[in-house]
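Shared chain: subunit A. Partners: subunit B in the first complex, subunit C in the second.
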Partner chain A sequence: MTAETIIQSLASGLLMGLLYGLIAVGLALIFGLMDVVNFAHGEFLMIAMYATFFLFAFFAVDPLLSAPLVAAALFLFGAVVYLLIVRFAVRAKANAGMVQIFSTFGLAIVMRGVAQFFFTPDYRSVTHSWLGGRTVSLGGIFLPVPQLAGAMVAIAAFVGLYFFINRTDFGRALEATREDAGAVALVGIDKNRVFALGWGLGAALVGLAGAIMATFFYIYPDVGASFALIAYVTVALGGFGSVFGAFAGGIIVGLVEATTALILPPSLKSVGIYAVYLLVVFIRPRGLFGSI
Partner chain B sequence: MDKNFAQRRRRDLVVAAAFAVVAALVPLFVKDVYVQNIMVLTLMYAALSQSWNILSGYCGQISLGHALYFGIGAYTTALLFTKFGVLPWFGMLGGGLISALIAMALGYPCFRLRGHYFVIATIVIAEIALLLFQNWNFAGAALGIDIPVRHDSWLTFQFTRSKLPYFYFALVLAAIAWLVTWWLEDSKWGYWWRAVKDNPDAAESLGVVVFNSKMGAAAVSAFLTAVGGSFYAQFVSYIDPESVMGFQFSLLMALPAVLGGIGTLWGPVLGAVILIPLTELTRSFIGGSGRGVDLIVYGTLIVLISLARPEGLVGLFSRRRKEAVR
Partner chain C sequence: MLSVHEVTTAYQGLVAISAVSIEVEKGEIVCVAGANGAGKSTLLKSIAGAERPRSGTVMLDGARIDGMAQHVITARGIAYVPENRRLFPRLSVRDNLRLGSYMFRSEGDRDQPLALVFKLFPRLSERLEQRAETLSGGEQQMLAIGRALMTRPRLLMLDEPSQGIMPKLVDEIFAAVKRIRDAGMTVLIVEQRMAECLDIADRAYILQTGRLLLQGPAAEIRTNPDVRKAYLGL
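Coming up: the complex of A and B.
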């Protein structure tokens, strides 16, 4: 193992980590807003990848161009999911936690079934895109272009989210609702509207991630499951309640995964991620930056 | 109130005994192998969900990694039998004990965690075990273990000609899980667990040793789950890591208790009796196309029940019961 291979794999780990952060941030946002873990988050990613694929296959739209469209579509989808399911799940008088877990888990199963029904279980891929299949060389390190673009989109999304939350009225309403949903009602903010928009925003972010992922990953009905678990670990590692913890969590997860793949067989690369999660929460039970 | 409670417990016991007798007679009239298979699975899920309910329902420590214990039970039995010729009955006991020990070893660091951090830790630990088993060549790696069927015998707990022995064993297993829960409900452990679930800090201040009571719940729950796993290995005579240790299976095990009524005596039984036949029937009749319609039906059902009956389907019965008392 030379120094070069180590730097090479850490660099690609960092890029993948930024993408993991982008996948996870929607989950973190929704949790921070209303303490709900969306167990269909991976399936949100899955439909975003399919949407990107079909825009490419039928209309020859490059994923880079369709990304905003997919994000917008997912925004609507997220808001609808809140209004049709989650709104009622959070009202549950008994076992609120389990109702949230299993109503969103049920939704995940439905979405997988719908994907199988309409899109078949076949593996799809975006065969040629502006980004796909290229690498660039930076001082002897080769970086795949799709991941590089994904990392840049992720950074841009986090910067955008930072300004959005801190500088806009909706962002402030989001923060205020997060702090005290009862009090915001008194100043005339419609809690349901803020939650619906929060779900929309969270889904739009994972939509963005899905459009990028579609350029270098196979697309099939169960694709979300593996990324969903990484997303939960990412959010928990960063700490629930902290949107920017997801960003840091993603980078750590990406780097740990790359390092593990250097030491252990590739099929065990996730073991490193899970072990680091356990290590972190055993020392800090609230994750790295968590407030609760 | 106390009198009512004692009366209710006695009635629960009578009702359970009646159910068990009726269930035991059903296969005498229902000879169809397909239906018998569904009945075995229903009883197995009732037992598993009841075991899960002890830790997650009564004690409130929600585990979505119980497939770990199920898998350990299945693998202990299968490995001991195929590699060393040890009878499954010893494997069953051994798997249960190993699982209980592992549950306590894992509980030691994990029970400090709360809420989602705990849930994710349970998922992640089961997932690590899954990956390790998939790479463990001695245990057949990802391909798993094929248990050779020699001849029908209670000694090796293998039956090729009839499903009835499996049915009666699963019935006994479900009955034991129910009885253990019934007994624990009114023991000091049962009261500790409910106190820990409702408010761990208050429980601690009242002298409940929160940590120990969580450990107790984990050990009992893991033991029973592993016995279920051993049974499953013998029943299907083929196991692989994904099917006995996967995350999906952890969720499937929890589902009957959640939909039936989490933290209740009858919830897991009711949930399994409704859910498992429904799952199997949709899978056979509309899932055969491989087009996911069964998933759509199944998922929709989960969403609707969890939204409409957050306290579980047992709520339908207890309301009637209250009126009857009045």
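Coming up: the complex of A and C.
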């Protein structure tokens, strides 16, 4: 194994990790806001990928252009999921935890079923795009352009999110709601509105990730499952509910995955992630940047 | 300005207040006093929309507000400072105050009450960057009242503002309540410390186990022999 191979793997691991962070951050945002785990997060990613695919297949829209459209559509979708499902699930008087889990878990199954029925289980792909299939060489290291673009989009999204949360009125309302949702009515804020917008924002972020991923991943009804699993690990690793934790957790997961692939056979590349996850859970159960 | 008519509120079948009626006129300080468990907090919650009355009506300036969502009632001009203050503990003093003016878009609307808040509680202006949870009990109460004032209320409702606060600051807070009234607001205050409350109030109501026991001008209540014996320890 040469130094070049190692650098090459770590570089691609870093790029993939940033994308993992982008996939996970919506999950972390929603959990931090209202302590609800969205078990349909992977399916949100799936419909974002299909949306990108159909925009490409029917209207020849390049994924790079459709990314903002897909993010906007997912924003609406996320807000509607909150207003029509989650809003009622969190009101359950008994077994609240179970009701919440099964409401989003049930939604995931429905979304997969609907996708299988209407889109068929066939594997789709965006066959040619501005980004797809290209690589750039940086000092002898080859980086695939789609992943590079994904990493840049992820960084931009995180920077944007940071300013949104820390510099705007709505960001402040979001923070206040996550501190004490029962108290925001005291200052005239409707917590349901904040929750709906929070779900919208979380879904829009995973929508952005989905649009980029459509350029280099096959698209099929179950595509969300494996990424959602990684997203849960990322969020748990970074600290549940921490937006920055999701970013850092994503990078760690990406690097660990790449390192494992260097040492172990490729089919075992996920082993490293779960080993690190177990280690973190044993040593620091609240995650690296978790505050609870 | 505020008219509470025969309001009954229950928690899981347990009646906390029963057919309570009170009136608050513009510019008044009204004190609702009574022992622990008399239903004072429930009365404020029922007005603020934090609890839904089972029956009865709450009118603000002639319009019914009972049954409205709590944030809508806040927007209508009733600011409510609950017993446990409900500050946003990990946000700064500045952000807590800023959130108080969330409903307003223009900087003028936002800054105007801030001057009053700093005049009433100068120590808040020295602690702007501190997290709310690091403030002392008295300062937290000041911040809670300050945040409520930032919503530019017509009616300010305080639930036990003296609770868990050292005596010197209690006086400061009661003095601030008078100045808030002088600034043109109406105040409805609920207290166990009846003597201090009656000192600043224009009128008072006394609640006992969920029912209205007595009402009248504060001076009269203060000299009522039964009240003196039962509540003021005289």
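Everything below uses one rule, namely that the second predicted complex is superposed on the first by the 292 of 292 C-alpha atoms of A that agree within 3 Å, B and C clash if a C-alpha of one lies under 4 Å from a C-alpha of the other, contacts with A are read in each partner's own complex, and residues count from 1 in each chain.
As a convention for this text, a residue touches a chain if its C-beta (ideal position, glycine included) is under 8 Å from a C-beta of that chain, and two chains touch if they have at least 3 such contacts.
This structure is a prediction, so every number in the text was calculated from the model and none was measured.
**Student:** Just to be sure I read the superposition right, which of the two partners does A:Ala173 touch: subunit B = first, subunit C = second, or both, or neither?
**Tutor:** Only subunit C; A:Ala173 stays clear of subunit B.
**Student:** Contacts for A:Val145 in the overlay, against subunit B (first) and subunit C (second): which applies, first, second, both or neither?
**Tutor:** neither
**Student:** For A:Leu10, is the partner it touches subunit B (first), subunit C (second), both, or none of the two (neither)?
**Tutor:** So A:Leu10 meets neither subunit B nor subunit C here.
**Student:** Between subunit B (first) and subunit C (second), which does A:Leu65 come into contact with in this model arrangement: first, second, both, or neither?
**Tutor:** After superposition on chain A, A:Leu65 lies in contact with neither partner.
**Student:** Between subunit B (first) and subunit C (second), which, if any, makes contact with A:Ser270: first, second, both or neither?
**Tutor:** A:Ser270 contacts subunit B only, not subunit C.
**Student:** According to the stated criteria, A:Ala183 is in contact with first (subunit B), second (subunit C), both, or neither; which is it?
**Tutor:** second
**Student:** Quick one: subunit B or subunit C, who's touching more of subunit A?
**Tutor:** Counting contacted residues of subunit A, the larger count belongs to B.
**Student:** With both complexes overlaid on chain A, does A:Val233 touch subunit B (first), subunit C (second), both or neither?
**Tutor:** A:Val233: touches subunit B, not subunit C.
**Student:** Given the complex with subunit B, which residues does subunit A contribute to the contact?
**Tutor:** That would be residues 31, 37, 85, 88-89, 92-99, 101-103, 105-117, 120-121, 221, 225, 229, 232-233, 236, 240, 265, 267-268, 270-271, 274-275, 277-278, 281-282, 285-287, 292 of subunit A.
**Student:** Would you mind writing out the residues of subunit B in touch with subunit A in their complex?
**Tutor:** 62, 64, 109, 112-117, 120-121, 123-125, 127-128, 131-132, 134-135, 247, 251, 255, 258-259, 262, 290-304, 306-307, 310-312
**Student:** For subunit C, which residues are in contact with subunit A within the complex?
**Tutor:** Listed in rising order, the residues are 49-50, 69-71, 74-75, 79-82, 86-91, 95, 98-100, 102-103, 147-148, 150-151.
**Student:** Can you name the residues of subunit A that touch subunit C in the complex?
**Tutor:** Of all residues in subunit A, those touching subunit C are 169, 172-173, 175-176, 179-180, 182-191.
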